[in-house]
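Read through the structures below before going on.
Each of the two complexes below includes chain A, the first together with chain B, the second together with chain C.
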Partner chain A sequence: MEGVFLQILLRGVLVGGVYALLSVGLTLIFGVLDIPHFAYGDIMMLAMYTCFWLQFFTNMPLFPLLSIIFPLYLLVGFIIYRVIVSRLMEKPALSKILFMVGLSLFLQGLALFLWSADTRFVKSELEGLYVTIGEGKISLTYIVNFIAAMVFFLGFYIWLQRTFMGKAIRASAQNRELALATGINIQKVFLISFGIATAMSAVGATLFAPTYYVGPFVGIELTLKSFMIIVLGGLGSVEGALIGGLIIGIVEAFSSYFLSSEVKELAALIIFMGILLFRPKGLLGKEVKE
Partner chain B sequence: MYSRALTKIQALILIIVVVVAIVAAASWYATSVQKPVVKEVKVGVIMPLSGPVAEFAIHTRRMVEMLFEEYNAKGGIKSLGGAKLVPVWADDKGNPSEAVSEVERLITVEKVSVIFGAFTSGSTLAIAAVCEKYHVPLVVMTAFSEEITRQGYKYVFRPHVTTTPYVNYMMEFVIKKLKPKTIAHVYENSVWGATNAKVSKAWLEKNAPDVKIVLWEGYSRKPPIDLTALVLKIKEAKPDVLLVSSYLQDAIVLMKTMYELDCYVPNIIAFGAGFTDPKFIKEVGKLALGVFVACYSNYDNPRPKAQEVIKAFYNKYGYWPTGDALAAAQDFQVLVDAIEQAASPDPEKIYEALRNTNIPEEEGILYPVKFDEHGDNIYAFSYVTQIQLSKEGKLEWFTVWPEKFAVRSITTPLLPYEERLKDP
Partner chain C sequence: MMGNKLVSGEKNYWLIVLVVLVILPFVAHSPLLHHLAILVFLHIIISEAWNLIGGYAGQISLGNAVFFGLGAYIPALLYLKLGVNLWIGLLIGIAVSVGLSVVIGYICFRLHGVFFAFATLAVAEVFKLIFIIRKDITQGPMGITLPYRGESILEMSFASKLPYYYLALTFSILSILTVYCVSKSKLGYYLLAIREDETAAKSIGVNTVFVKIIAFILSAILNSIAGFLYITYIRYIDPYVAFGLNISLIQALLTIMGGAGTVWGPVLGTLVLIPLLELFRVYFATLSGVNYMLHGLLLMVIILLRPQGIISLVEGFKRWLKS
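Let's look at the complex of A and B:
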């Protein structure tokens, strides 16, 4: 049984790493802009559809696709910020929530209208290749996607720590008024944050897509999962997104084995609620904003 | 006396007679013109055109489209002077409640004479009630489960084989040729899979009580389909024979997951469906080598009428039709035969014609057709194929049972994974 245990654990970690990348954008948006981005998963859904259609027409393998997805969704993030989100910043919290929920519903309806309710599948060119671990095999897709996710994640982390803009962003998240006072161009910080967050989530969604499916309502599931991960790890904490992602990935993998595949998301939810009972700020959370 | 040509009374009588004659002629003409010439008979065709089952149903859809086109091209409904057979398509998206509302619309708004559908057992069971309510006959297209014809409905007719005879032929093969001591069944949990599970279990308990049932479990097809836990259970149960009731996506996931988790069973036999789809072999490749697939019919079926349809499909679409498509061809044959016999678009007359269907051995595509009191064909039976390498080295299905139709002998047990995946 140990061989199986190891394999399940490994699977959980590999998926969890991609989850971390998926959700880190949301934690950034929460930390810096303080917007409840309910349409976060739906933009990921759009990224997955983008992958699907690009693959459909050009048969491009997954990794070159990323070089298109990242800049494209950086741009998409900038546009959404400029056109929509910037106008929401000064509005009351309820307006922000309602608007983002509305955006989410709009995107779902748009996807349903354009592409119908059929489930689609994104293929990874590594699908048929396996690596033997213990008693079984793991598809190379999981391993390579995990490595890619970690590369992006690490790159993002270093960018946040080392570059001027990264520091400006972290400063704005910690204390907006003080950041303004030190001359940081807060509008630029918001714009860049939203753009980067969108682009990161799009890359995460692309890496996640071959192990999942593409459909107009995938966004809701992904938004929920991302929220769960970042609240678990602590709102606004990038390291927390990594820890949260890994925990959720591992919990899902084990419950899929011990219980059944249908309840794995339920199990993750229960663990999530359990941890929040004891640590309402999340595992690495700094402050709770209302 | 008769100094004038006509007396006043004679003239009056003459005028009255002429007027009456004219009125009689006019009304006779008017009523004979009102008698309609039947230009078309509308058939409500309902099946998954989009949604999760659509990918798998497309082969059947293509077959049905081809059959309607061909029928009209060859002169339409002969007993109605060449009237057109008009398919009115509806999409149930693989969903029973959608199927019900679409069939309501087909019957009440489109006013079709007969319903042809719905491919999945779940939807077909649901629409059978609607057809019965409106007294519009339902010719079942491809759907398998015998639940459909065990509800006591009069208006439901199924020309192709249903669960019990299919299970009889399939299980006879399993027990006689594979001789298992332990057996397991994993099945998708809609009406189709669940009915397969119920009937095959009952068969085993009655006819092979010494064979030990080590696992009998359903799974959900809600995406993303994850069969990890199930495969680990199969691995632990160690059956000699694994029965599988899967549609396409889950069939692919099952085979791949079994490989990933190093779960080996000596024999796998599938209840057709996903395992008969060309995409299945394309996706799992050599993992499928040696798998047995029970089916409605394979494309190596030697019956002349079957070969006509099979070759026509190949010529039009460039690949061999699946068993589901061939079952639909048999269903279509009965549908048009009944309309021809009825010589009318009236649903009641078509119902009567269906009741009295009697298609002889040399005419029937897959078998002769005569209906029992449930609406099932007393002559229907099923086949078992095995996926083997063709002479050209390609993976294909070959009929191996019943023995009198076998084109190849079976190879058992399945090769271990390393050998299966080796290049020859």
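Let's look at the complex of A and C:
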């Protein structure tokens, strides 16, 4: 029994690491730009489709794909900021929400229009390979994708801590006016933050895709999942995204083992509602902006 | 004297509109027109429902589909599985929606802005998943179909569109009256106060959570009535439609298009948009996803260009006439 327990825990941690990378961009967008990015998951959905089609036409393995996905979605992030988000910054909160939900619906429709409602699958070249741990075995895809996700997450964390731009971003998240007063180019901070956040989420989506499916409506699930994770860990906190991701991963792993794999999403949502009810400030107790 | 004349004049005007709407189906026999009118009435009900919570109280609910879906599913499932009369099913559906709106409201209304929006979206997602997973009861993603059982008001099955027309007309008038009464009552002013500044409203003694829950209950009732009309008219529904984001969002779109927080805004928005959207949907029937794109695009454009809605144009025109 103990072996099984540890195995489920490990499975949850492996998925949770990828979840952390999925959601860290959203925490950055909330923290720095204060934009309710309801289309966050839909852009990840686009990244998953990009992945699928690149694989389909070039038969590229998953990891070299990342070298295309990252710069491509950095650019996509820059464009979305310049064309759309920068116009929203001064609007009232309600307008921002509705606008971003509108964008989400638009992207869902676009995917449905271009690629139909068919469910597709991104391949991993590690498929069918397993590592035996104790009495059970775990797919190598999960392990390698977890390691890759952690490398990106750590790289992002170090970038935020050590570089000048990273420090400027953190300063702007803490106090926008003060950051402006010290001469930080806030427009550039917004642009870079949005671009990096989009690129990180696209990489996360690429690593997540082989263990999931691709379809026009996965975006809304991914948005909700990311939001749950960053609320659990405390909005705007990068470390919080890691903790929240691991919690959701572990909860899903246990509920899919003891109940059924269909129920796992439901379990995570219900726990999220419980957290909202009893600890609306997140598990780490950070102040949530209203 | 002038004032009195104006009021009685306006009353006559509304009476004329009502009479026209009642005799319209007999003058124009086109089933397409009847279908369009039914859709317009149906959407007036749900957009007035969203108007209460999104327009007056200023809380962006992305989960109104929950009540729409339950309003459609509960009567249909009770009818199909247990043979319960659809009209009793409607009442049960409304009762469940009211109970649930209190629970959901109690949880979600302690959150503000984005958090409220996300929480309501999460609730809708929970219901969608439940209805997909419990295949034994709900037939899962396949959806449910109401069979045609001959002409009968008890079975809510008619070959002609006319009975649906009058039912939808009645309920849409009721929904407009509901919002009208709310807007003239203390409740309406409380809601507006919450929209403008919730903290200030609280500080002058408005029980904000209670007031918002009352508005949410009304919104839930209207949505479950609309769900009932939808399932008895279209005679098919699946969890993706019933609890999908699109149902929650079209209410917001129509309301904002017309003018949020006004009695006639949602009506205006629906009258302008639904025929257009339906035409578009029929024209591009083979291209799936186009209507989603259009809904999303319209919402974005209105928010950027004219967040006050069409009604602000009408009022501007009225002012210009007077001057």
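Keep this in mind: the second predicted complex is superposed on the first by the 285 of 290 C-alpha atoms of A that agree within 3 Å, B and C clash if a C-alpha of one lies under 4 Å from a C-alpha of the other, contacts with A are read in each partner's own complex, and residues count from 1 in each chain.
FYI, contacts are C-beta pairs under 8 Å (C-beta built on N, C-alpha and C of every residue); 3 or more make two chains touch, one makes a residue touch a chain.
Given the structure is predicted, the values throughout are model-derived calculations rather than measurements.
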Fit or clash - chain C, chain B, common chain A: fit
Of chain C and chain B, partner touching more chain A residues: C
First (chain B), second (chain C), both or neither touched by A:68: neither
Partner chain(s) touched by A:118 [first = chain B, second = chain C, both, neither]: first
Geometry of the superposed three-chain model: angle at chain A (Cα centres of chain B and chain C, steps of 10 degrees): 70
Touched partner set for A:87, first chain B, second chain C, both or neither: second
Touched partner set for A:256, first chain B, second chain C, both or neither: first
Which of chain B and chain C A:139 touches, first, second, both or neither: first
Touched partner set for A:227, first chain B, second chain C, both or neither: second
Touching partner for A:186 - first (chain B), second (chain C), both, neither: neither
Minimum C-alpha spacing, chains overlaid - chain B and chain C, in Å: 6
Shared chain A contacts, counted only where both chain B and chain C touch the same residue: 116-117, 262
Chain A residues touching chain B - in the complex, by the definition given at the top: 4, 7-8, 116-119, 128, 130, 135-139, 211-213, 215, 256-262, 264
Contacting residues of chain A [partner chain C, same complex]: 36, 38, 84, 87, 91, 93-95, 97-99, 101-114, 116-117, 216-217, 220-221, 224, 227-228, 231, 262-263, 265-266, 269-270, 272-273, 276-277, 280, 288, 290
In the complex with chain A, residue positions of chain B that touch it: 50-52, 54, 93, 219-220, 222-230, 232, 259-262, 285
Touching residues (chain side chain C, partner chain A) in the complex: 58, 60, 62, 107-108, 110-115, 117-119, 121-123, 125-126, 129-130, 132-133, 240, 245-246, 249, 252-253, 256, 287-300, 303-304, 307
